[in-house]
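Each of the next two complexes has subunit A plus one more chain, namely subunit B in the first and subunit C in the second.
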Partner chain A sequence: MTATRTEIFSAGIVEAGLGTVTREIPAGEPPPWPPNAELTWIGKDVPRLNGRDKVTGATRYTVDVRLPGMLHARFLRCPLPSAELRKLDTAAATALDGARAVIALARPGDRLRYAGQPVAAVAALSPGVAAEALAAIDAEFRPLPFVVDMDEARAPDAPLVYDEASAPKGNPSGFPAAPGLPVVGNVRGPAVVRRGDPAQGFAAADIVVEGEYRTQVQTHSCLEPHAIVADWRADGLTVYMSTQFTSGVRQELAALFGLPLNRVRVVVDGMGGGFGSKSQLGVYGRTAVELSRLAGLPVRLALDRHEEQIDAGNRPGTFQRMRLGAKRDGTLTALAIESHGTAGVALGAGIGFFAERIYTCPNFETLQHDVFVNAGPGCAMRGPGNTPGAYGLEQAIDTLSERLGLDPLALRDRIDPSKARREERRIGAERIGWSRRHKPGADPGAVKRGMGVAQSLWMSNVQTNVACEVRVLRDGSVEALSSVQDIGTGIGTVMAQVVAEVLGLRPGDITVRIGDTEFPPGGPSYGSRTTASITPPLRTAATRVLAELGREAARMLNAAPEELEAREGRIRVKSDPGRSLAFRDAAALLRTDRISAVESRADDYPGFRRRMPDAAMAHEDLGGVQFAEVAVDTETGAIRVERVVAVHDCGRPINRLLLESQVQGGVLMGVSYALLERRVMDRRTGLMVNADLEHYKLAGVHDTPEIEVVILENLQGNSATDAYGIAEPANIATAPAIANAVYNAIGVRLTSLPMTPDVVLAALGKTGRS
Partner chain B sequence: MTRPEMAGPGKTAITLAVNGTSRQLELEPRTTLAEALRNTLGLTGTKIACNRGACSACTVWLNGQPVLSCMTLAIDAAGQEITTIEGLAHGEALHPVQDAFIEHDAMQCGFCTPGMVMSCAALLERNPHPDAEAVRDAIAGHYCRCGTYPHVVAATLAAAERKP
Partner chain C sequence: MNRFAYASPATVTEAAAATGLVAEAMVTFDESAVLKAGGIDLLDLLKLELLTPSVVVNLRAIKGLDAITQDAAGNVAIGAMATLSQVAEHPLVRGSYPALATAIAGAAGPQLRNVATLGGNLLQRPHCWYLRSPAHHCLRKGGGHCFAIHGENQYHAIFDNHACAIVHPSTAATALVALNAEVELHDAEGATRRLPLEDFFVGPDDDIQRENALRPREVLTAIHLRKPASGTRMAHLRQGEKAGFDWPLADVAVVLAIGPDGVCREASVVLGAAAPVPHRARAAEQALQGRHPGEAAAGDAARAALRGATPLSLNAYKLALFETLVRRAILAALA
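Moving on to the complex of A and B:
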C-alpha cells in the first residue's frame, strides 16, 4: 500500500460557485492548488515561449531538416482505384545513375485497392533523379472493377473491395475495430451498443422524431505534409518526423526493425499540423527507414500536396438514421441509430459514442457499419466519430425541441446531466443574445438570419504511460524535459508555466526541451490528452526538486524546510518574507552541478472511469456548448456564419490565450466542415478530382465569423493540476450549431454536409424545374 | 531586369539579392524562388505547402511587394530585392508585426506563420493604419489550417496602433 494523506480541494465550476471535495491522495503528491485567481502563472495569458522562432522562420520543421549526404525519396503509386499488379521491374531504376535504393511495396499478383496506394519507392541523390527513377520502373496494372461511392458500394452487386478473409481487422489510426463482425459485400458490421429495451422505449414515447443525416469525407489538409528524415546508422536509428507521438513512433520502429528501444531516437521540433493524421509511423515512415537502411545514408521522404490529399488520412463520410422517442416534457424514452460510414479501404467510420453518452436515455441502441470503397484510408480526425455523430444527433434534438414546443436549451436542461454544459448553456445564451432568437424562417427579406445551438462531448483522456523530468542547475537555471511534442497547442509554454508556478520563477526562466525521445517518454498529442497527461507529473517533479533545493536553503536561512516558499524568484520564510535567498543563490548551495526529479503520471485521485494499457479516461467527460448566428441568402444560397459563441470546459485552464487559439481553430475547422470541405471522387475514374488546395476548399479569413470564446474553470480535485484538454470538443459542436441556425433562418432543415449554396437552393426548392 | 536570352535546361549562374546580401547561385532555370531559398540558400523559414499558389505559405517580398515564391522562378527574381522572413527583423529588434503576432498568439503550428507575417508586414508598409477589413483582404489568399485568422487580424491591427 502506498502511503496516503487526506486533502481538501476546491471543486466545482468557479463561475457557478465553488465547493470542496475531500480526497485521499498518495503522500508524494503536491498540496492542492487554489483556484487560478490565487495563482501567479496558471490560468494566465502567457504568450507562447517559442513564438519568436515561429515568427522569424527559425523553427525547424521536419521538411526543413537537411542532413549531410541526405537522399530524396519518392513513391510510385497505383494510378487506378482497383487493379492487379501484373509486373513490377525495378532493374532500370536501380541502375540509374544517382539512384541509391529501390524497394518494391507490392508484388506481381497483388491486388491494389485505391488510387494512390504505394507500389514502390526510390531514394536518389536529388528529387529530380528520384522522379527519373520512378519513371524507369516498369510497372503494369490490370484494371479491376471498383466502387468509390458509399451508396453504390452497399448495393448487392457492387464490386468487392475485399473478401471476408482479406478485410482489415483494425484501422491505421490504431483504433481497435470491434472484432468478429460479419462482412457482407462491402459492408462490415453492425457494431452494436444496446442498453435497456429500445422497442419498449419507443412504445412508451409520446412523440417520435426521425431523421437522416449525411456527412462528407474531409481531408486533414495539414499544411506541413507528412514527412520524415530517417538516418539509419550502425549504432542506431534517428528519425526526424512530423509526428503527434514521438515515443509511439519509437515503439513502432523498434518492433518493426528489431531494434532495442535505446537505439531508436525520434525527434520533432516544429510540427506543421496533424489533427489526428500523424499519430502513427505509417507506410511512408516505414518506407523511408527501410530505404535509409538499404542505402546507408539519411533519406528524406515528404509527401507532395497531391499525395497529402489522397493518401494521408481523412475523416470518414457517414450516413446516419436517427430515431428519438420522448415524453411530452422532453424526457427521452428511446434513442436508436443506424449508421453506415466509409473510411475508404480502412475501418473506423463509426459515429462515435456521442449519442451513447450525452443525454439521459434508458433505452438505447446503435448499429454501426463500415462500408469499404476504393479510396485512401481514413483515420482519426479531430473528434473522430463524435464530430459527424453530433451533426446528426444535435439536429435531431433541435427537431424534437420544436415538435415539443420547447426551447432547445430548456429541452437540454431536462435531458443533459452535465453540470458544466448547463453552465455553458446559460453563459452562451446570454453572450449570443438567445432571447432575440425568432421563429424559424421569420426574417422577411431575402437574406434571412437565424440562431442555433449545439453541444459537444469528448472523453477526458489521460495517457498514463507519460513521464517528465525537472532539473535545477547550480547556476539557478531550470530545465523541463519530456519527449512530448508541440503540435501547435503550445504545450511547451504550458509546461513552463507549471514549473514556474512551483519554483516561484517566470515561465521564460524555464528551458523546455521536448519533442525528442532522448527525454522521458511524453504521451501522444491526440485525443485532447496532452495537458492532462503531462502537467500533473511535471508539477510533482518540480515540487520534488524544490524540496531538495529547500533543504539547502533552509540551512542557510536557519529555518525548517517546510517553513519555506518559492515566490518571485526567491526562496523565503513564509512567516517572515524578509528572510530570503535568491533562487539562484539557493541553487549555488547545491552539492552537485545538477539536481533532477523524474515523475510519471499518477492515476487521477478518484481513479479512472476506464483503463487501457497505456491510457485511461477520467470520470467526467469534457463538455462544450456552441451558439451560431448565420445569414442565409435565399437568392444565392450562400450561408454566412456571422458569429459563434463557444463556451467550453477543460478542468483547470492553464493558459487562456492558447486555449482561445485552440477553440477558435476548432470552430474554424467546424465552419469549414459545415460549409466548404468535401473530398470529391469521380465515380467513373475512381480518382479524387480535388486533390489540391485550389478545389478542396478550406475556410479562409473571409469565411471567419466573429468568435467569442469562454472557458470555464471546472475544478474537480482530480490530479496535481486538474487540467484536461480542449482541441476536440472545440470542433464537435460547430457544424450542428450552424445547421440548427440555418434551420432557424430559413425554416428548412439541411441534412447533409457541406451545406453549399446548391444544397441550400435545392432545399428551398429553387433549383431544377421547380 | 537583366536576363539571358536563353537559359537551361542545365544549371545557369544567377545572382540573387536576398535580405541585403548578394548571393551567387548555379540553378536550373526551372527552379522556383521558394526552392532556391529553401534548398540552395538554406533559408527554410519560407514554407512550401501547396506549391502552386493556392495557400500563400511561401510569401516573400520582391522589392517590398509580397509575392508567391512557389510561383516565381528564381531566375525572374534576379536583380530585385528579395526579403524573406529571416530578413524582416532588424537584428534583435523584431518587426512590429512579429512582436504583435507573439503577443496575440497569432500562430499555432506556425507553418503558415512566416507567410502571414510577410503579408501583414507588407500591408503596414503600404498602409500604416489599416482597418480590419484591409487586414482581412491582405491575408485573403492565405490558408491556416489551425484557424489563427482572428488572432492574425488582431495582431496586425495592434501592430499598426503601435507604429508611429
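Moving on to the complex of A and C:
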C-alpha cells in the first residue's frame, strides 16, 4: 500500500461553472493546481520556444543528419501489384564499385502483394551509386492476377490477395485487429460489437433513417519523409530517426537485433509530421540498421515522395451502411452499422468505436469488415477509424434531425451524454451565428451558402510507462529531460511551462532536452496522449527538485521549507515575501554541482477506464464540436469552406497558442480530406497514378478557411496537471461538418469523399450521370 | 537522373546549334541535348528519367531574351525567357491583355512563377499521370495504347481524345491562342520564322509523340501580340479542384471585338484543359459574331462550345463546367 492523502480539486468546465471533487491521491503527488486564471504560465499563450529555429531553417531534421562515412540506401521495389518473385540475383550489385551492402528482402518463390513492396536494398557511397546498384540487381517478377478496387475485391470471383492461411492475423501498427475472424475471399470479418437487441430497437422506432457513405484512401503526406540514419558500431547502435516513439523504436531494435537496451540509442530532433505513420520501426528502419551492420558504416535511408505515397501507410478507405432508429423526440432506439474498409494488404480498416460511444442508444450493432486489395498497407492516421466513422454517423444524425424536424443541435442535446460537448455546442453555435442557418438549398442564385455541425470523440489516452527528469544546476540553470519527441506540436514548450510554473521561473529559463532515449522514457506521440502522459510526472519531478532546493534556501532564510514558495525567479517566504533569495542564489547553496529528480507517471487519481500493459484510458472521453460554413457554386461544383469554428476540450489546457495551432492543423487536414485528397489507383495496371503532391492534392493556403478555435478548460482532478490531448479530436469532426454544411447549402446530400466538383455536379444531376 | 554536361551559350544562334533537340521539354529519347529555360518542367522530366540528355543547354545567359517591348504600332513582343511573374505584372500586359495576365497569375504558385518562363510554359510537356509515370509505356512514349482512355481520365480531354487524351497544360496558351498570338522561332543559321501559336501546337492525330512544331535546332524566342482593336474585351476564367496552385479542370479565354454599335464583330473562345491542344470553340465564336452579346448570346455560345465533345468515362462533368465557364467568361469580358 502506498501512502495516500486527500485533496480537494476544482472540477468542472470553467466556462460553465466550477465545483469541486475530492480525491485520494498518492502522498508523493503535488498539491492541486487552481484553475488556469490563477496560474502564471499554465494555460497561457507561450510561443513555441524553438519557433525561431524552425522558420530560419536552423532546426535539424533527420533528413539533415550527415555522419562521417555515411552511406546512402535505396530500395528495389516490386513494380507490379501482384507477382511471384522468380529470380533475385544481387551478385552484380554487390560487386559494383561503391556498393557497400546489399540485402534481399524477399526470396525467389515469394508472393509479392503490392506495387512498391520492398524486394531488396542497397547501401552505397552516394545516392547515384545506390541507384546504379539497384539497376544491377537481376530480379524477375511473374505477374499474377490482382485487384486494387475494394468493390471489385469483394466480388466472389476476384483474384485473391491472400489465401486463408496467409492472411494477416493482426495489425502491426495502429489498432489491434480482432483475432480469429473468418476470411472469405478477400473479406475478413465481421468484427462484431453488439449490445441490447437492435431488431427490437428498430421495431420500437418511430422513424428509421438509412444511409450509405464512402470514404477514400488518404495518405499521410508528411512533409518530412520517413527517414533514418543508422550507425551500427561495435559498442552499440545509434539511430537518428524521424519517429513518433523513440523509446518504442529502441525496444523494437533491441529485440530484433538481440542487443541489450543500453546499447541502443534513438535520437530525433526536429520532425516534419508523422500523423500515425511514424509510430514503428518499420521495414525501412530495420533495413537501414541491417545495412549499417553489414557495411560497418552509418547508413542513411530517406524515402522519396513516390515511396511515401505508395508504401508509407495510409488511411483506409471505407464503405459504410448506417441505420438509425429513433422516437419522435429524438431518443435513439437502435443503431446498426455494417462497414467494409480496405487497408490494402493490411488490417485495420474498421470505422472505430465512434458510433459505439458517442450517443446514448440501448440497442447497438456494428459489423466491420476488412477487405484486402493489392495496395500498400494502411496504418493508423489521425483519429484512425473514428475519422471515417464520424463522416458517416454525423451525416446520418443530420439526416435524422431533418426527418424529425429538430435542429441538429437540439437532437444532439437529447442523445449526447457529454457535458463538454453540450457546452461546446452552445459556444460554437454562438460564434458561428447558428441562428442565421437557413433551410437546405434556400439561397437563391448559383452560389449557395450553408452551415453544418459535427462532433468529435476520442479516447483520453495516457501512457503509463513514462518518466522524466528535472535537474537544477548550481548556477541556477534548469533542465527537463525525457525521450519524448516533438513531432511538431511543441511539447518541449509545454514542458518548459510546467517546470517554469513550479520553479517560479520563465519558460525560456528551462532547457528542455527531449527526443533521445538517453533520457527517461517519454512515451509515444500518438493517440493524442503526449501532454497527458508527460506533464504530470514532470510537475512531480519539478516539485521534488524544488523541495530539495528549498531545504538549502530555508536554512538561509531562517524559515521552514514548507513556508517557502517559488515565484518570479525567487524563493521566498509565503507570509513575508520580502524575505527571499534569487533562484540562482539558492542554487549556489547546493552541495553538489546539480540535483535531480526522476519521476514516473502516477495513475489517474480516480483510476482508469481501461488498462493496457504500458498505457491506459481515462474515464472521460475527449469531445469537440466543429461548425463549418461553406459556399457551393452549383454551376461549377466548387465548394469553398469559408469558415470553421472548432470548440474543443482537452482537460486543462497548458498552452492555448499551441493548442490552437494544433486544432487549426487538424481542421486544415479535415478540409483537405473533405475536398481534395484521394489515392487514385489505376484498375488496369494496379498502380497508384498520383503518387506525388501534384495530382495528390493537399489543401493549400488558398483553400484554408477562416478557422476560429475555442478551447474549454475542463478540470477533472485526474492528475498532477489534469491535461489531455487534442491532435485527433481536432481532425475527426471537420469532414462531416463540411458535408452537413454542403447539404444545408444545396439540399442534396453528398455521400462520398472527397467532395470534388465532379461529385458535386453529379449529385446535382448536371453531368448526365448521377 | 542521368549525368549530363551543361552548356551556357551567349547567343540564341549558338544555343540552337548546340542542341539537336527542339524545346525545353521534348521527350525524344534519341536526342542528346535539351534547352533549359526556367528549368521547372525539365527538372521533373530529368528526375523521372523521361529525358536523359547528354547536354543541357542553359538559355539564361543569353541577354535580352526576357524583354517585354511595344513597337510604334502598339504591338507587344514578349521574350520567351520573361518569367511568368514578369509577364503577369507587366503594365503592357495588364493594360492591353488582361486575360493573359489573369491566366498567368493563376498558374502554379508565386515561387514557380518567379522562375518559370513564358516560353517554357508553352513548351512544357503534358501532365497526364500516365505520361509522367515511367511504369506506363503509353503511346506518346512509343507504347501501344493510351492508358487514360479506359483508365483514370477525370482530368483528361473531352475533345480530340480518341487516340491520346492528354490536355495541354498551359493556361497562358489558352489566353494567347484566343489573342491570336504568334511565336517567333530562331534557328542555328540565324534565320527566324513566325507562325500563329494556334498552328504551332500539334495534336495527336498529326504526331503522337510531340506537342508542337518546333524543329530540331530551333529556339522559341518570343511571343508576339497584335495591338487589340478598340472595343476589345477579354476575360480568362479557370476552375481547379484547389483554389490555387493546381492545374485547372477547365479554363476558358474569351476575346470579343465589340463595334461602336454594340455588335460583336469578332470573337475568340478558347478552352484549356479540354483537348490535347488549346481548343478553339468555333461554334461558340459564331454564336457571338454579329450579335449584341449578353446573357442569351453567352448561353448559346456556351452550349455551342461543347458541341461535338466526346467525354470519357470519368470526365463528363467537364461539359457542365466548361459551359459555365464559357458563359461566365463572356459575361466577364463584357462587364
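Worth pointing out:
Quick note on the criterion: the second predicted complex is superposed on the first by the 766 of 770 C-alpha atoms of A that agree within 3 Å, B and C clash if a C-alpha of one lies under 4 Å from a C-alpha of the other, contacts with A are read in each partner's own complex, and residues count from 1 in each chain.
Keep in mind that, in the parts below, a residue touches a chain if its C-beta (ideal position, glycine included) is under 8 Å from a C-beta of that chain, and two chains touch if they have at least 3 such contacts.
Model, not experiment: these values are computed from the prediction.
In the superposed model, A:P79 makes contact with subunit C only, not with subunit B. In the superposed pair of complexes, A:V148 makes contact with neither subunit B nor subunit C. When the two complexes are overlaid on their common chain A, residue A:E694 makes contact with subunit B and with subunit C alike. Looking at the shared chain after the overlay, A:A638 reaches subunit C, while subunit B stays out of its contact range. Of the two partners subunit B and subunit C, more subunit A residues are in touch with B.
Residue contacts after overlaying the shared chain place A:P757 against subunit C, while subunit B stays out of touching range. By the touch criterion defined above, A:H702 reaches both subunit B and subunit C.
When the two complexes are overlaid on their common chain A, residue A:T489 makes contact with subunit B while staying clear of subunit C. In the superposition on chain A, the residues of subunit A contacted by subunit B and by subunit C overlap at 694, 699-702.
Within the complex, the subunit B residues that touch subunit A are 38, 42-52, 54-55, 57, 84-86, 88-89, 94, 98, 101-103, 105, 107-114, 117, 136, 139-153. Residue ranges on subunit C touching subunit A, taken from their complex, read 109, 127, 129-130, 133, 135-136, 147, 150-152, 154-155, 239, 241-247, 249, 314-317, 319-321, 324-325, 328.
Listed in rising order, the residues of subunit A touching subunit C in the complex are 79, 115, 635-638, 640, 675-676, 680, 682-685, 687, 689-690, 694-695, 697, 699-703, 756-758, 761-762, 766-769. Interface residues of subunit A facing subunit B in the complex, by the touch rule stated above, are 47-48, 51-52, 54-61, 63-64, 66, 220-225, 270-273, 275, 304-305, 487-490, 657-658, 660-662, 664-669, 692-694, 698-702, 704, 707.
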